[in-house]
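Before we start, here is the structure in question, set down as structure tokens.
Think of it as A, B, C, D, E, F, G and H in the order they're written, each chain with its own count starting at 1.
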Amino acid sequence: MSTDDRRDPGFTDLGYARVDTDRAARQGVPEVVYGPGKEPAQVVGIVTTLLEANTGPVLVTRIDADAAAEVLAGVPGGAYDASARVLTWRPVTEPRGWRVAVVTAGTSDGPVADEVVAVASAIGLDVLDVRDVGVAAIHRLFAVLPEIETADVVVAVAGMEGALASVLGGLVAVPVVAVPTSTGYGAALDGLTALLAMTTSCAAGLTVVNIDGGFSAAMAAHRIVTGYERHAARRPPEAVR
Amino acid sequence: MSTDDRRDPGFTDLGYARVDTDRAARQGVPEVVYGPGKEPAQVVGIVTTLLEANTGPVLVTRIDADAAAEVLAGVPGGAYDASARVLTWRPVTEPRGWRVAVVTAGTSDGPVADEVVAVASAIGLDVLDVRDVGVAAIHRLFAVLPEIETADVVVAVAGMEGALASVLGGLVAVPVVAVPTSTGYGAALDGLTALLAMTTSCAAGLTVVNIDGGFSAAMAAHRIVTGYERHAARRPPEAVR
Amino acid sequence: MSTDDRRDPGFTDLGYARVDTDRAARQGVPEVVYGPGKEPAQVVGIVTTLLEANTGPVLVTRIDADAAAEVLAGVPGGAYDASARVLTWRPVTEPRGWRVAVVTAGTSDGPVADEVVAVASAIGLDVLDVRDVGVAAIHRLFAVLPEIETADVVVAVAGMEGALASVLGGLVAVPVVAVPTSTGYGAALDGLTALLAMTTSCAAGLTVVNIDGGFSAAMAAHRIVTGYERHAARRPPEAVR
Amino acid sequence: MSTDDRRDPGFTDLGYARVDTDRAARQGVPEVVYGPGKEPAQVVGIVTTLLEANTGPVLVTRIDADAAAEVLAGVPGGAYDASARVLTWRPVTEPRGWRVAVVTAGTSDGPVADEVVAVASAIGLDVLDVRDVGVAAIHRLFAVLPEIETADVVVAVAGMEGALASVLGGLVAVPVVAVPTSTGYGAALDGLTALLAMTTSCAAGLTVVNIDGGFSAAMAAHRIVTGYERHAARRPPEAVR
Amino acid sequence: MSTDDRRDPGFTDLGYARVDTDRAARQGVPEVVYGPGKEPAQVVGIVTTLLEANTGPVLVTRIDADAAAEVLAGVPGGAYDASARVLTWRPVTEPRGWRVAVVTAGTSDGPVADEVVAVASAIGLDVLDVRDVGVAAIHRLFAVLPEIETADVVVAVAGMEGALASVLGGLVAVPVVAVPTSTGYGAALDGLTALLAMTTSCAAGLTVVNIDGGFSAAMAAHRIVTGYERHAARRPPEAVR
Amino acid sequence: MSTDDRRDPGFTDLGYARVDTDRAARQGVPEVVYGPGKEPAQVVGIVTTLLEANTGPVLVTRIDADAAAEVLAGVPGGAYDASARVLTWRPVTEPRGWRVAVVTAGTSDGPVADEVVAVASAIGLDVLDVRDVGVAAIHRLFAVLPEIETADVVVAVAGMEGALASVLGGLVAVPVVAVPTSTGYGAALDGLTALLAMTTSCAAGLTVVNIDGGFSAAMAAHRIVTGYERHAARRPPEAVR
Amino acid sequence: MSTDDRRDPGFTDLGYARVDTDRAARQGVPEVVYGPGKEPAQVVGIVTTLLEANTGPVLVTRIDADAAAEVLAGVPGGAYDASARVLTWRPVTEPRGWRVAVVTAGTSDGPVADEVVAVASAIGLDVLDVRDVGVAAIHRLFAVLPEIETADVVVAVAGMEGALASVLGGLVAVPVVAVPTSTGYGAALDGLTALLAMTTSCAAGLTVVNIDGGFSAAMAAHRIVTGYERHAARRPPEAVR
Amino acid sequence: MSTDDRRDPGFTDLGYARVDTDRAARQGVPEVVYGPGKEPAQVVGIVTTLLEANTGPVLVTRIDADAAAEVLAGVPGGAYDASARVLTWRPVTEPRGWRVAVVTAGTSDGPVADEVVAVASAIGLDVLDVRDVGVAAIHRLFAVLPEIETADVVVAVAGMEGALASVLGGLVAVPVVAVPTSTGYGAALDGLTALLAMTTSCAAGLTVVNIDGGFSAAMAAHRIVTGYERHAARRPPEAVR
């Protein structure tokens, strides 16, 4: 089957996967591969297909070091971020002009924040990385607040009770994407408590993604930036109030 | 106490409430009053304070018809939207230039969508109102998709299993704010199932607000638009890629 | 049976109730009557017994206005606090010298705070009543923080995600008793989310009572003050470091 | 005990198991052995009994590779499907004339779909195997819909929020058996979210089996086909409308 | 807009609803209206549209008596089943030749069974109505089992622990659709326990619908019969084994 | 149909109910009617059938005063216990010689205890009724412990955290049937917390029935006494060690 | 400290444990040691103390093979049942004259049943061991029912939906102690579903113990037998009806 | 950056952590490091910073033996308590004059109690260590009650149903901090049941910390003592009643 034919339906059928080759056109970045439950050989096949069918960045998330090594052996040219558990090929190198602040409550939320950073950077967003400013010592947050306020989107990463998200939501005007993490024990319920707490936050307009959903938060930021880019494309910048 | 003095701390202390008179400066719109658990007389006091301390729109949410009537008797000039259960004074009349599509899965999700519409309209957003395009008859969604794609932000309002949010998330590029509703019975668990389903959606970058959180979704849209507005203010439009 | 005999076992058997007439000796205040599920006539019997067997304050909690009126008709001399839903006879009038700060996140948490105030006042604690300083507008909290820091015990009353408790826990040194409230809707799960969030707070040493447990928080403060009083009684003040 | 005697009660008592030797007569296929919690030696005993007492296919589900090897050593002639974790002896080779479409949302749902395929094939159903057509890229589903519509029963296999089941339920007329999978993390709650979502689907007439219940779905398809077969046997085909 | 034009998209847009006028063609029966959350006037509009756009039965489910009366005033010709809470216009009068056994565990499950009966009858299925044969007195079930075995589909309706569904699932060969009901109290958790129990039944191939989902079970039966009808249409009856 | 014929199957089919007329022979007392979800006319029919088919006591549980009055009008001779919500005809008057202690933690658990007392008394058990000896004032329990130790079965009725059941379980040797009640609020979760706590009690051999399951506890006591009675019947008393 | 002195308080203080040396006198058998969370050396100390302070059987439950071997090295004379994970010293050899039927739904429930058998046998109860008669093939149960009916207590051991307990509860007259097991997956929720189902059983008077609580069920049987023994001791056997 | 400058903001920014160097001034003891989710090298950096910036004790909690060894290699002078999983440098050696009783229900709750002891001792509290006095053998508790009553704060550590906390709460007058533990299985739900039970305790004024939250309880005791110390500092001891 020729490449042209294969692309007609907007996907490539590999048997075990139907790779969405239309994603970049539809949503701005190629399909990102969800690692768990896939054999390394399957990931190799999917990544290879995505690299061929697109020119943009290709990523695999939630993949452990052993599987990543197998995949990299099959598809050279990628880089593995062990803390973020993200594989990346062809990251965007020309910045899109928007800044995402990634703010964690504690050091232990680091790996989830690392996933936000890895994905957001790979798709062309400028990242402001702020760690360990949770409310147990809230003066740390106020010290960095002016810098956070330079961001276009704020990602609040917090486990346990997740109070940082509400506090940030009360302070900044721009979108706050809250990422509950599984940091904590007992009543933290593996992050479910933070998720529920964040969705019932007293700070108006906060939005929430899945527990440990660093990837999701980065993509939410991508959607926000894309919203502006498409708006600007539809209406000349000079028309924007 | 003089007005000047009262404003110094950024809030007005009414004893039963400390009204946030700094909110509009900080986040673009005055504090919105959460109705439940407040005596009508308290709402009157808070609204009066907000109207004096601000020039922007003042809203009360989740207030039933009887309480609304009492409040309106105490603070004339407002309007009550019975389906949305929202009271509004001084809605923004000059549009901010951004469109929010409010899309429901079913007719029964109407009141939650009405809350999104009431709040979003009052704070100056242009609303595209699309009802009853859930996945049980998905051709309805495709028929209106081109129109939805003209929006800068999409609010997906759905109860039961909430699948509409995922489908929309897979189709559009801009931010999708998912609002789980309490529509349904049994395993719908009063909206908890939709909330969990939406936070674990397979559509990347979807974000979620509280169950029946029409107000929250409108404010999330406000944050997104505010992000654009502040970004544009910081960087001259011509500098934006 | 003579009064002397009746008191021997440390309780009075009314058939439907065994009134704990030993409570004041054991724990400093007479048994407090839990209102729900009791007939007004039963409450009358229990209160009468407690008033006879003790000299201290007698209280009934969680009793609605109609039942309270019936009880007051049967046992004159009491006062009903409608917002707190508390009945009180013989409140302590000589202050014990300790201050409890009752701090709410929002106006809607008022009735729960009212219960803390009603009970704490009735048992001789000095109350500092601070309303509506939740984290959605955190500058309100900082404005009153110096006053809160004069208290010996802080009761943090908050619904929704309950973040106020964590923030207070990070700021003050003294005991913080967190009271989750049922304020909120959807993911607030009638206060369960706040309860879980508060028990997994990042602020070290916070303790938690039941949802809407204003009475419990007041009694926790009573225990703390009693601990000091008994400690001082055991060891002469001059021996305390 | 002679074979005749042993069969009288419709089961064989092995001490640790009472093997249902009447199942094939009652429900069309012999008892299928549930692997977990059984010693390999026990599985050998049960399988041997089933092979002797029946002429139809004998299967063991949810058995890992090591245990499967031990069992095969004890009962030769079987085949192990490692992905499906199914052992099979004497699969049905004459097709019954009915087609089951097994449709997954993602590649990661593969092992559950493999179990459906293994069981359905072994009991004589024709399988149409469609992978990775979840709603994040819904055009993939529409591309294969005409083929799916040739099936007599559709099994929808999906984790995370499980939206694929609702979408399929809205599109096809025949029975849709939804299988929630444990694919996903965080709010996916190990498949519980998908299970709840599927049972409260807006698509009328969808039915649901257990999380990761590939075997259950195959047997549900078997029941449907058996229903047709018995209906046809009761009423001559020419009488069917 | 002419009728022809209106039908082009397969739905009719009433503003508050997009009525699926394509449903009968796609799935065999017209869209069934979900009553809760809809104003009677809205139901009138939707039913009127459905009656015009179709020739088949039109139903409204979960509608209480007062609303039903309002709707019937607006759309004459319908009948209200108060126990089932179902409104029906133009029920199918020519039987389709298939029998559904509706079997309840207890008398208290009656209204849910009534909904199954009302819907199944209205769409042309023959109903065998068997009440109160739960396992607390299992000899009742065995007395009616031969009659149940004449059905093509069995709907098992049970609350509390829902054991009837498993027992039936172990006895009959045809599809068993389990309907958990909210009958019971305490640990019954409003039907959630029965739902979970039924989805983890030891009887292979049982499928489950929503709590109190009588409508869902009837539609599941409709799908099963439709599967056969379409199969027979595709392949001449004489080819069916 | 003659009476003889009707009794053959061991039940009477009333259409809406299959009354178990074999229960007394099988388990010692006639079927007890569960009130909720049944029309008064249905209860009349069932009770009439039971009175005719048996000579023993006939009871209806969980029936409110209005429905009870309707039923009594249709079936004279019964008595209604309003607190227990139990209707009784023909209570056993000859004691069976066994004592059940019904012990509550608080006065508010009274109605559930009343149900135990009503049912146990009606079926011939001697009841020792002990109220309000919960662990908040544990000296009350020790005062009555010698009397409780004269019972053959102890029923522990407690809400909130249900600690009384564990304490009793640690003190007495005979069977302790724990009844969690819905007394309490917030984290009591309508009795679910007490149910879980009682099933994970540190006191060995405690058993648990449903939340507010006073009827269940009485029947559990009935089973225990029946066990003794049948044991004694099988083996002459003199043979018992 | 002399042995006499040590026994005065009814326990022996080992520092890490206060061994209840009064248990046999109070409840008929010595304290049974709960294995998890204890160091082998601690178990050795506790068992040694119990063997010295009592003459009856001493058991350790839920102890794995490695720890058991360490303990047996420290306290010779015991026996380890690997499937039941129970260690036993000095089992009762003179039968008490009562029979317990242990009935499982499936072979996979074996280890929990083994724990019932091990504990019940060790404390002098006669065990009737019936495996694998779950409702998926209910004729197996009816085949053994006459034998089960010879028992004085029935222990029903079942996982998944646990329907066997309800069916047994409906058939036999004597006490049925239901043991939910963690057999199953997905919606079985590690046994929580079976626990909830069994506590809300339609079979009157069923009682429930903890998930996988084989030890608890054996002790519940012990309590029942003890109840009779004490009753008989109080009232001469010839007085028992 | 000089040390002076670094301390200005009240924290030290290590990139992966912002160490709260102001904690001791604010709350009496330096920040305690939460071990999970941190690399040993990160813990070394944080501990080094804390040791430099403070003079008081420095602790790491919930750190396993391997990580502890790595940390100790990087920061000599600390001590590791393997059962408590706590690392300590510079414990307070001058007692503060207050006693905390740590009381466990069972031996298996030992490690959580060890954490309370390790932390409380390190911060200068006198510990009374009482093990294994749970309510299954309540005479053990009464034997040690006089000694417990000498404590200023009681920490009740219990798993399973956690009844010990309620019983203690009913007996002593001083603060009772309840620590639910994950001891138990099945319905213990990894400690969630104990947490819920303790928060809904019938003993007034009990407060609760997280599951297995030994550290939290010790810090709650610290707050209570600090409350007294600060009270005494504000008001001369001779003024305390």
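FYI, a contact is a pair of C-beta atoms (placed from the backbone, for glycine too) under 8 Å apart; a residue touches a chain by one contact, two chains touch by 3 or more.
Please read all numbers here as calculations on a predicted model, not as lab measurements.
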{"item": "Touch-network distance, chain C to chain H, counted in steps", "value": "1"}
{"item": "Chain whose mean Cα position lies farthest from chain C", "value": "D"}
{"item": "Rotation angle superposing chain B onto its copy chain E by C-alpha atoms, nearest 5 degrees", "value": "90"}
{"item": "Whole-Å gap between the CA centroids of chain A and chain G", "value": "52"}
{"item": "Length of the line joining the C-alpha centres of chain A and chain C, rounded to whole Å", "value": "46"}
{"item": "Overlap residues in chain A, where contacts from two or more other chains coincide", "value": "106, 136-137, 171, 185-189, 195, 199-200, 204, 210-211, 213"}
{"item": "Which chain pairs touch, all of them", "value": "A-B, A-C, A-D, A-H, B-C, B-D, B-E, C-F, C-H, D-E, D-G, E-F, E-G, F-G, F-H, G-H"}
{"item": "Residues of chain D defined as touching chain B within the complex", "value": "105-106, 134-138, 160-163, 166-167, 169-171, 184-189, 193-194, 196-204"}
{"item": "List of chain C residues in touch with chain B within their complex", "value": "106-111, 131-133, 136-137, 139-140, 143, 183, 185-189"}
{"item": "Chain G residues touching chain H - in the complex, by the definition given at the top", "value": "9-11, 15-18, 20, 22-23, 31, 34, 36-38, 42, 46, 62, 180, 182, 190-192, 195, 210-213"}
{"item": "Complex interface listing, chain A residues touching chain B", "value": "26-28, 32, 96-98, 150, 152-153, 171-177, 195, 199-200, 204-211, 213, 215-216, 218-224, 226-232, 234-235, 237-241"}
